[in-house]
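Input: structures, listed below.
Two complexes are shown next, each including chain A; its partner changes from chain B in the first to chain C in the second.
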Partner chain A sequence: MSVLAVSNLSKRYRRGGKPFAAVDDVSFEIGLAETLALAGPSGSGKSTIARLVLRLIEPDAGRIEFEGADFLSLSGGALRARRARLQMVFQDPLAAFNPRATVARVLDDPLRIHGIASRAERPRRIAALLERVGLDAGLAGRAIHEISGGQRQRVAIARAIATRPSLIVLDEAVSALDVSVRGQILELLLDLQRQERIAYLFISHDLGVIRAVAHRVVILDAGRIVESGDARTVIASPQSAIGKALVAATPKLVRTSQDAA
Partner chain B sequence: MRQLRRFFRTPETVAGAAILVLLVAMALAAPLLFPRDPQAIAGPALLPPFQDWSLPLGTDRLGRDVLAELFHGARTSLAVGLAAAAAALLIGAAVGTLAGFAGGVIDEVLMRVTDAFQTVPSFLLALAFVSIVGPSLGVVVAAIALGAWTGPARVARAEVLSICERDYVAGARVIGMHPLEIAFREVLPNALPPVLALSSVIVAAAILTEAALSFLGLGDPNRVTWGDMIAEGRAVLRTAPYLSIFPGIALVLTVLGVYLAGEGVVESTAVRRSLS
Partner chain C sequence: MTALLSIHDLTVRYRRDGIEVAALKGVSLDIEAGERLAIIGESGSGKSTLALAVAGLLAGSAEIGGTIGWSASQFQTPRSVTPPSVLPDISPARGEIAPSSPALQIAKVEEWEPALMLPISPLAGEMSGRTEGGAKDRQRLSLTNASIGGRDIGFVFQDPASSLDPVMPIGKQIAEVVRTHVGFAWPEAYAKAKTLLERVRLPDPESALRAYPHQLSGGQKQRVAIAAAIAAGPKLLIADEATSALDTIVQAEIVALIRRLVAEDGMTLLFISHDIALAATLAERIVVLRHGELVESGETRQIIAAPRHAYTRALLDAHLSLDAEPLLDRQGASA
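Then we have the complex of A and B:
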């Protein structure tokens, strides 16, 4: 059974008076505890798809089925309640939080909104969430701008798992982090997936990262799917011109393929 | 601390702050230094200033103590100025936030109402409002706020529109936060600084408008106001010009002080912003 099924999704914008398709007839599925990567150059529609799936923007056409039910027909309170199961982690962990917030408030919000824990119980739940993502529980009282970028992204992940979702959209979630921190965050994500059975929609332009975490990959260009399949297979021998260009742009991968030859 | 030092770096802001401190001290000290009713007769009528040291600034046509009136007038000016500005900022910020955040029809309606208020000269609006409802301190505050909330509303809306594009608003939606909570807890506090920057201009304008209303006899009759004093002195402008000059000077200094201090606050925070 698939967690998310997207079919014939389209979103058009007007640019300079001319309509142009940001997302054009895109279909894909994500299974339970599976990681599907969306790859493609800038402007290929990756982030637009993420925002469509999360209902941050509305599509012009297509269907989104989440956990077997029509996700696009929901509105108001029903939609807000359903959001507990479908979370997101943003690229820039500083921009993703209210600049006035503290770590505790950021984690308190989802618990309060979805009635997951009583007011008295929440501080304990917040401490548990922080420990779950490898942070010290004492961090709760700190302001968001006081902690490091890597810690911030861990807090973002803690917030995303607070409501026990079945799917997390990771929009370039490790791209803004430096290399050593990136590896630790990817480890954390894999560990959470194994233990909590969470599916990921993993958006990245970095095929090296995608190969490390994704089961399957979809390559996009100008809003259309140009190639899809098993992540390792596609990255090892891309068929589309964009796929080849992306592999060529990833230095480490070029070297490995030369080593193999 | 750094911000305080930056604030006191320019002589204008120091002067502005000094005037404001003096004004607040006057307002607070008025009932202590002049416990008697400032509108009661204190001596012979039209006593010139600097003659009798128990009445240093002399008396007006009815024999009231000009210095006592000046001190009590500071209370009125300050109270009306601050209350009207607070009301205007509150209404403006709420309307602007709702308009910017909701968009669509709500935005259109709220902004057309704002346009309507902006096309009517704010002083005429205040004049009409006080004439109809009747003069009292609360009505004067409401009348002034009625003409002053449009500026903050426009600034708040513009700021909210830019903040709504940021990731943390999307993040709040993703965790299922109610739109009203997003608007007033996530967006509004971050949209406030540029709106508050307007406050000095609004306070200064409110003090002037209150004085003008009192001058035209539409102030609260139970309170001493500087506008009243100037109007009173007008009848004897040739023989006792000091009756209009003293409250006039007080008014000019107050507006100048509020404006300079306000500018100083904006400058010091603006520098901080561009540095970070």
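Then we have the complex of A and C:
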């Protein structure tokens, strides 16, 4: 069963007075607890698709089915209720949060807004969420700007899972992290996926990261899908011109003697 | 090879939120003339501070200890142009870099209280690639009285959108550098700017001269920033996370461009990056920094194939290559 089914999605903008298709007739599905990656160069439509799926912007054409329901027809309370099941984590958590808010406040919001826990119960739920993402519960009182980038991204993930979503959109969620922190965040995401059966729409320009965590990949160029399939297969032998260019442009690390050891 | 510059026991401290932060702690390093050297490190490693210190661009409030010695013979004879000299792609009208004597001595700060020395704040964040420092009130001494002018160093920053003037046509921005540092009149400076735009392979250089930065893509803007950085024929090109904001394909193009320009002009390259795999494709030698200290340095081949330090090995292990075992499998196996 698919969690998300996108069909014939299109979004056009005007650039310099001329219309251009940011997303052009795009269709894909994401299954339960599956990770689908969107790859492509800047301007290929990756982030526009993320915004369309989240309904931060409305498409010109196409259909989005989320958990079996027509997501685009929802509005008001029905949309808000369904949105609890669809969460997001962006590249820069500092930009995504009010920097003056405390960690507790950031996690309290979704629990309160979606009526998940009573006021009395929330501090305990917040502590549990922090522990779930590998943070000390004592961090709750700290301001967002006081904690490190890696900790902030963990808080963003804690906020995303607070409402027990079936799908999280991750838009370049690990791109700005140091490599040592990046590995830990990817492990955390995989662990959550396994435990909570969460599906990910994983947007990245980095094929190394995609290959490490995604089941399937869709390669985009100028708003269109040019190639898709099993992540490892596509990356091992890309068929499209842009797929080949992406693989060729990825820095290779040849660690000869280290590998032999 | 002869050393272009010799960094000895360089220490830089900033004040952040009232707390003294040591960004660099006693780093010693020679940069050979004509080499391509990469400085690798994660956030808080001090790599950008090192780049800024070499260029004389540290904030005026930074406390600097140690020396940066320049080999006088490697540089063009100082010319008297007014205003003195500015780095190509930063706000003009600030010439804190003036030519004169060879190896300079950065002012020794008084003996530091060891108890006050803190490591890079753990709160500083683990985000890579941020360069700090505004355009005002820079490093006081640095290159003052050295036989090196701003025209001897080209600096390419991470974000070309903020290093280019948004309301000035790009041709004028490059021509201005040529005028200031080479002393050309405007028509010749514009002709040179056009040649530079051709050299960085900007499509249609003639009309690009009149374009504004916002009309260009991120990769094109970085090409313009590089054109401005090399406009005065610098000996040393510093690229500080110059490709980090670009997508993989454009990144590879810019790296290829830097490689070609460095070879054609015989420049020395200081390539600052958080990405050890990327650096290895470009540099002959790699220096690894961590928490303001030099962890390891050596030939690229040796650093990649036989790193001596555990931290370097950890950085290499964290690299997600296209032939590694996916995390997905490792997780599945342990589940």
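Observations
By definition in this document, the second predicted complex is superposed on the first by the 252 of 261 C-alpha atoms of A that agree within 3 Å, B and C clash if a C-alpha of one lies under 4 Å from a C-alpha of the other, contacts with A are read in each partner's own complex, and residues count from 1 in each chain.
Here is the rule we use: a contact is a pair of C-beta atoms (placed from the backbone, for glycine too) under 8 Å apart; a residue touches a chain by one contact, two chains touch by 3 or more.
All values derive from a computational prediction rather than experimental measurement.
In this overlay on chain A, chain B fits alongside chain C without clashing. In the superposed model, A:Ala84 lies in contact with chain B only, and not with chain C.
In the superposition on chain A, contact of A:Ala96 is made with chain B only, not with chain C. Of the two partner chains, neither chain B nor chain C is touched by A:Val53. In the superposed model, A:Ala212 lies in contact with chain C only, and not with chain B. Of the two partners chain B and chain C, more residues of chain A are touched by C. For the combined model, the angle formed at the CA centre of chain A by lines to the CA centres of chain B and chain C equals 70 degrees after rounding to the nearest 10. In the superposed model, A:Glu187 lies in contact with chain C only, and not with chain B.
Once the two complexes are laid over each other on the shared chain, residue contacts for A:Gly149 go to chain C alone; chain B is not touched. Residue contacts after overlaying the shared chain place A:Ile126 against neither chain B nor chain C. Shortest separation of chain B and chain C in the overlay equals 7 Å (C-alpha atoms, whole Å).
Touching of chain A by both chain B and chain C, each in its own complex, is seen for residues 92. Taken together, the chain B residues at the contact with chain A in this complex read 166-168, 170-178, 186, 189-190. Interface residues of chain C, counted against chain A in their complex, comprise 42-43, 122-129, 217-218, 246-253, 274-278, 280-281, 304-307, 313-316, 318-322, 324, 326-328, 331, 335. Those residues of chain A lying in contact with chain B across their complex are 51, 54, 56, 80-81, 83-84, 86-88, 90-92, 95-100, 109-110, 113-114, 159, 163.
By the touch criterion given at the top, residues 35, 41-43, 92, 146-150, 152, 176-183, 186-187, 190-191, 194, 205-209, 211-215, 231-232, 235-236, 242, 245-258 of chain A touch chain C in their complex.
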